[in-house]
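Labels A, B, C and D are assigned to the chains in the order they are written; within every chain, residues are numbered from 1.
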Amino acid sequence: MNGNHYDVAIIGGGVIGGSIAFQLAKRNVRVVVLEKDRIASEASSAAAGMLGAQSEFSNEHPLISSMAYPCEKCPSTPCFIPFALKSRDMIVPLAEELKELTGIDIGLVQKGILKIALTEEENEALQRNYEFWRRMEQSVQWLSVDDVAVFEPNVTKNLRGAMYLPNDGQVSAPDLSLAFAKASIVYGAEWQEFTEVLDVAQEGDDYRLRTNHGTVHAGAVVVAAGAWSALFLEKTGLSLSMYPVKGECLLVKVEKPIIQTTVFAKNGCYIVPKKGNRLLIGATSTPYTFDKKVTVQGIMSLLERAQQLLPTIRTAEWERAWAGIRPQTGDGVPYIGEHPHYKNIWIATGHYRNGILLSPITGVIIADLVEGKGSGEFDLAPFSLTRHQATYTV
Amino acid sequence: MNGNHYDVAIIGGGVIGGSIAFQLAKRNVRVVVLEKDRIASEASSAAAGMLGAQSEFSNEHPLISSMAYPCEKCPSTPCFIPFALKSRDMIVPLAEELKELTGIDIGLVQKGILKIALTEEENEALQRNYEFWRRMEQSVQWLSVDDVAVFEPNVTKNLRGAMYLPNDGQVSAPDLSLAFAKASIVYGAEWQEFTEVLDVAQEGDDYRLRTNHGTVHAGAVVVAAGAWSALFLEKTGLSLSMYPVKGECLLVKVEKPIIQTTVFAKNGCYIVPKKGNRLLIGATSTPYTFDKKVTVQGIMSLLERAQQLLPTIRTAEWERAWAGIRPQTGDGVPYIGEHPHYKNIWIATGHYRNGILLSPITGVIIADLVEGKGSGEFDLAPFSLTRHQATYTV
Amino acid sequence: MNGNHYDVAIIGGGVIGGSIAFQLAKRNVRVVVLEKDRIASEASSAAAGMLGAQSEFSNEHPLISSMAYPCEKCPSTPCFIPFALKSRDMIVPLAEELKELTGIDIGLVQKGILKIALTEEENEALQRNYEFWRRMEQSVQWLSVDDVAVFEPNVTKNLRGAMYLPNDGQVSAPDLSLAFAKASIVYGAEWQEFTEVLDVAQEGDDYRLRTNHGTVHAGAVVVAAGAWSALFLEKTGLSLSMYPVKGECLLVKVEKPIIQTTVFAKNGCYIVPKKGNRLLIGATSTPYTFDKKVTVQGIMSLLERAQQLLPTIRTAEWERAWAGIRPQTGDGVPYIGEHPHYKNIWIATGHYRNGILLSPITGVIIADLVEGKGSGEFDLAPFSLTRHQATYTV
Amino acid sequence: MNGNHYDVAIIGGGVIGGSIAFQLAKRNVRVVVLEKDRIASEASSAAAGMLGAQSEFSNEHPLISSMAYPCEKCPSTPCFIPFALKSRDMIVPLAEELKELTGIDIGLVQKGILKIALTEEENEALQRNYEFWRRMEQSVQWLSVDDVAVFEPNVTKNLRGAMYLPNDGQVSAPDLSLAFAKASIVYGAEWQEFTEVLDVAQEGDDYRLRTNHGTVHAGAVVVAAGAWSALFLEKTGLSLSMYPVKGECLLVKVEKPIIQTTVFAKNGCYIVPKKGNRLLIGATSTPYTFDKKVTVQGIMSLLERAQQLLPTIRTAEWERAWAGIRPQTGDGVPYIGEHPHYKNIWIATGHYRNGILLSPITGVIIADLVEGKGSGEFDLAPFSLTRHQATYTV
């Protein structure tokens, strides 16, 4: 149905593909986004939307603790930290730009994230984390039990300590994803929904993508297909160390706001206050499955942990539950870079549960790479497609 | 909009109003049903549909233990028992009759109800219950822990004993309610949805009902408005001892059937196997509220109790949750009879969580009363509208 | 359940009740809102959200053409015009205030309303309307067929002329309603959902309201129950000339924006561009019914008229349809004022399809009246409860 | 996750895959069904469920008019007719068998299909069709305008003639699909939902299927993936002449039944009476797209045609709209047979809008083929995979 030629074809219409499409279209690159279902129909719409540049990354994160960090470029600071921090900072002007272009309010809330330690062991880990951020010279506060009682009076009193990260925030993940898509369209990008790419072949300097809706030709290809990326890349002879991780979430509604900030337990449960007195409770982690069924077990475990953190949540009204499939990698680090065998096939995937946070910077970096501008201030070695002998095992 | 005259106007289009309309229309009585919302939009559609003629009534039920039973008419047997048993027996031919008339399959399942005792105290009470049914000469079996393991292998092993009631069954409550309505229409009844009765006044031998959609005239009036009956009857100077009880339920789905019978714990939780590998889990009881919000607390308590009964339910898929408002009375016994101050105003309400079970017989009894045929084999004294000094207090 | 005493009890939790609650609570008045279902569950959430201060009122509106206008207070201008214009102007600072207080973006769009004449007869009427607004010295532009082709290129070419009202706008009706409610709560108002007021009685200087959830006492009562107001007021001996009008609406989704402004045909069909490339198409008018069913006929008539106005809408994606019940009065003018028989019972109803537009000013006027401050610059005579011999006939 | 070995792996969990799984499992064959989404999540659940063995096939159908029929085996009768008729006849005992095994009522209604000619041209074609069925000695009646007025009084009077096919009927398509799946599970089949087959490779006598959830080994493979079959078979070097056809449908609800039979216009619109006074209106045909969006245009065209057939449908209540993607072939005939290059890869696809009707016989034929029993009474040549030079073009 479409034999047109594009500068760049992006495979995957989630938040990462959308951010890349937006950046490229803004630079007058002729872009088409090929999405197998609808815009942001997978993990991007299922996400809680936290901008956890600090809450998600710490001295214990694989990028920092187990890789060759600090790297040469920035000997005193692990360089993934500036990467996440920068992406978080990009959100503020982006919210305005997207609102201007599309009318969509991405729901940016800048009230911080409060990490709670419920056990002594968690408390010690959290304190190390706190020290880490102080050394990094990032905003962070330590809150005693009494401080928390004043700051978020509905949070459980059965806690040992808490760390407040004032600069972490949140957005509406579906709205950010839609805003990227719509803004890219304003700048001329095309989106083809329900369009699955079956295979890709080189044809002179171009790539020919066969889809269920005909053939698309493009000078460059970007694979941003989330948890489905590895399956597609297998067809190009590239085995990545990736696996899907199901995450279940809930939405409940309270009569009056009971928390101001996002409350995040060390046990993995978080509660994010959303528009209209909603609270989003996330998330379970079930690896190695593409099954999006919400289970009784998932709901029970989320409700139990949420009630432990925030006892008054028991009176909240039930709204709904859903699941998304997140793209995890063997070492927990995204893949961002060029295909090792094919020039001008670019890959941006494996963002796991940080796709929303990292979408702004991923969009800019891939757009720069596609345009031959290099990776700027960032060393992309840790994101390299060839950083290890990858095997996809289920 | 409607100034027509009817023989009987029924206020309330739930399962009770529908059953009465069906019986009256079948006898060529000109009937109109006035429903404030849609057909069966309240408790009748929210119900689990159990036909617990034995599982719901026992020697501990108020009708039996605390009232003047055995009554004169049937000195050796508490007469409410035959009332419930008869209604249950009426369901089998009714299922066929309704299917024939309307094409609707009411989902009758006759595989019994299994009552489980989880503690020693529950076990003793259950044994007394078992003895009671033996004395009543009703079908009942006692199952040991080992018997249950064979009979329903997925039920918890942490039980003390179980009583199996082979003749109790279940139907689809929404389908039964719709089938009554549709069958009554086949016989000529009229239904006016979204029609709220504002007040009723005597006019010669007739009643004039003012509604939000004009005035309806009828020779007789039946009030079958479930939890809303008492509020309406206040306008006629009648104070009933009634209060609303919210009940929350869940629906989950399993890959393969894990139980055959309805499993009912003494702690109030029951699991009813439904069409398409669904399991309906009910029900909470929150008295004194018309609020139909499903709460986090309600879901947690149902899931915890269900998992205690049937551990493998943890892997089930979540479908949805809802709530209904059930009409409870001060002594737990329905009101069935004539208005004490107004001739030809009949009342059938307060069926609490037995509305589905008791709908067949209530339909016949009210139709008989309206036609001046008396109450037949049953003494209606325990259902009398004047049986106590009723006060509605919240 | 609640025997508390309030300064003011508001019956009805829609956009009018919410606006009044917000204004009163902001002035430290102790307010309770009694809502029979949920917040804004009726017409307020069903509305299209147009702020048609000019598009809805013209020299042909009953308030202007058939009543005693110009009135004495403002001899040269019909005074309902300033009333609507003022309410429209109040929305801009209100949007900011509500966002600040509640975090809710009410979706204010200030891109005008374009009224289209499709026939010569409509064109003449529209031109008279245009002349009227020029005489009133309000912003208005006449657009030729060619102008429209430039301004809104997707609008049909089969038009005769068009009037552009740059200052009319739109909001999200559900979001405005929720924002009023939430903001009133921030200022201390209480909301009781699922609470139906059964009757009201004087008790000394106070009123006692009997509800399905117990009794509420209040020094003053405000009836803001939309289409249900007349039914309630009958209980107080007041017959208003009011009737319900069902309005059906649709929501469809386009891939790219196809209109910028709200497009409004003289034939009554309007298309309002909403967030996320949605188009809201409204509205049918079916008088004398509380039935909220969406009919095949309603959908066909809306789609046909929408397609006439905006042919490319045929390719839009279907989303959903719904209906609301709007409170219309015999002369098309709202009722705003004191109950003729009871001091301190205030009434604000009958806003028909202008409830969203008129909610800001209605909130302030009722708050002023309740506080004994009078009606300020506005003569409320046309809104008087006793302006005619009202009879409610269906 | 699953390295198990099966006798047969079926790709596709719709009504065709389910019927095959049921027949094989019943014969003690070890079967796994691999479904990329959920059971029957595509066309099988979107279908209207008509059993149009006569209404869908006539002297004008490609199978009969343009192919080499009558064939040698049955010189006097085009043999596709017996194929469809037999499948229709199989439904009656199957309904009982499936109900018995699974408890699911597949909603079989045997009240015939009424084909309506609205124009003189349609009338002539319909009369030829009528003559055809008489020659075939199949039940068929010709109805005059007056006959139709008696038989289905709500059908338009603006018709020229009608043909009644008493033996064509209908089922609930989703219920039939679920019942096949559940019955196959009762007989031991396994179903893996959310499991996409990425590629298939020969490995000795077996096939190895790589999926997103690990690898499956099977002695034989059945491809029953509906509109997705051709895309998969491309990977095996087989180009089929297939294309997707979107079909949109609606569901509306009437207060009382207005038709007894399925009413089918020659213009392609049909109205199928369903449970609970629902009417299913189908279906549009949009070729060459996998896009499942329901369009404004689709709804308008269905409602207009339905109203032409059945004017009183205007008062019906709107319920919902949906779309499915049907697998059409170049000559309108399904593909049923063995893969031309790979032994023991069987294909059953291209049933277009007759998947429900043909599912019983397709299940039996493929089961026979897999077991090496041949095709029995039927010549499968017209269904052959190599019957033409197939090219998939979009």
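Miscellaneous remarks
Here, a contact is a pair of C-beta atoms (placed from the backbone, for glycine too) under 8 Å apart; a residue touches a chain by one contact, two chains touch by 3 or more.
The structure displayed is predicted, hence computed values, not measured ones.
Between the chain pairs C-D and A-D, more C-beta pairs are in contact across C-D.
Chain centre most remote from that of subunit A: B (centre = mean of CA atoms). Distance between subunit A and subunit D, defined via averaged C-alpha coordinates, is recorded as 42 Å. Here the CA centre of subunit C is 50 Å from the CA centre of subunit D. None of the residues of subunit D touches two or more other chains. Of all the residues in subunit C, the ones that touch subunit A in their complex are 103-105, 109, 178, 182, 185, 191, 255-256, 275-277.
By the touch rule above, subunit C contacts subunit D in their complex via residues 252, 293-300, 303-304, 306-307, 313-318, 321.
Subunit C meets subunit B in the complex at residues 1, 193-196, 198, 212-214, 231, 234, 244, 288-292, 394.
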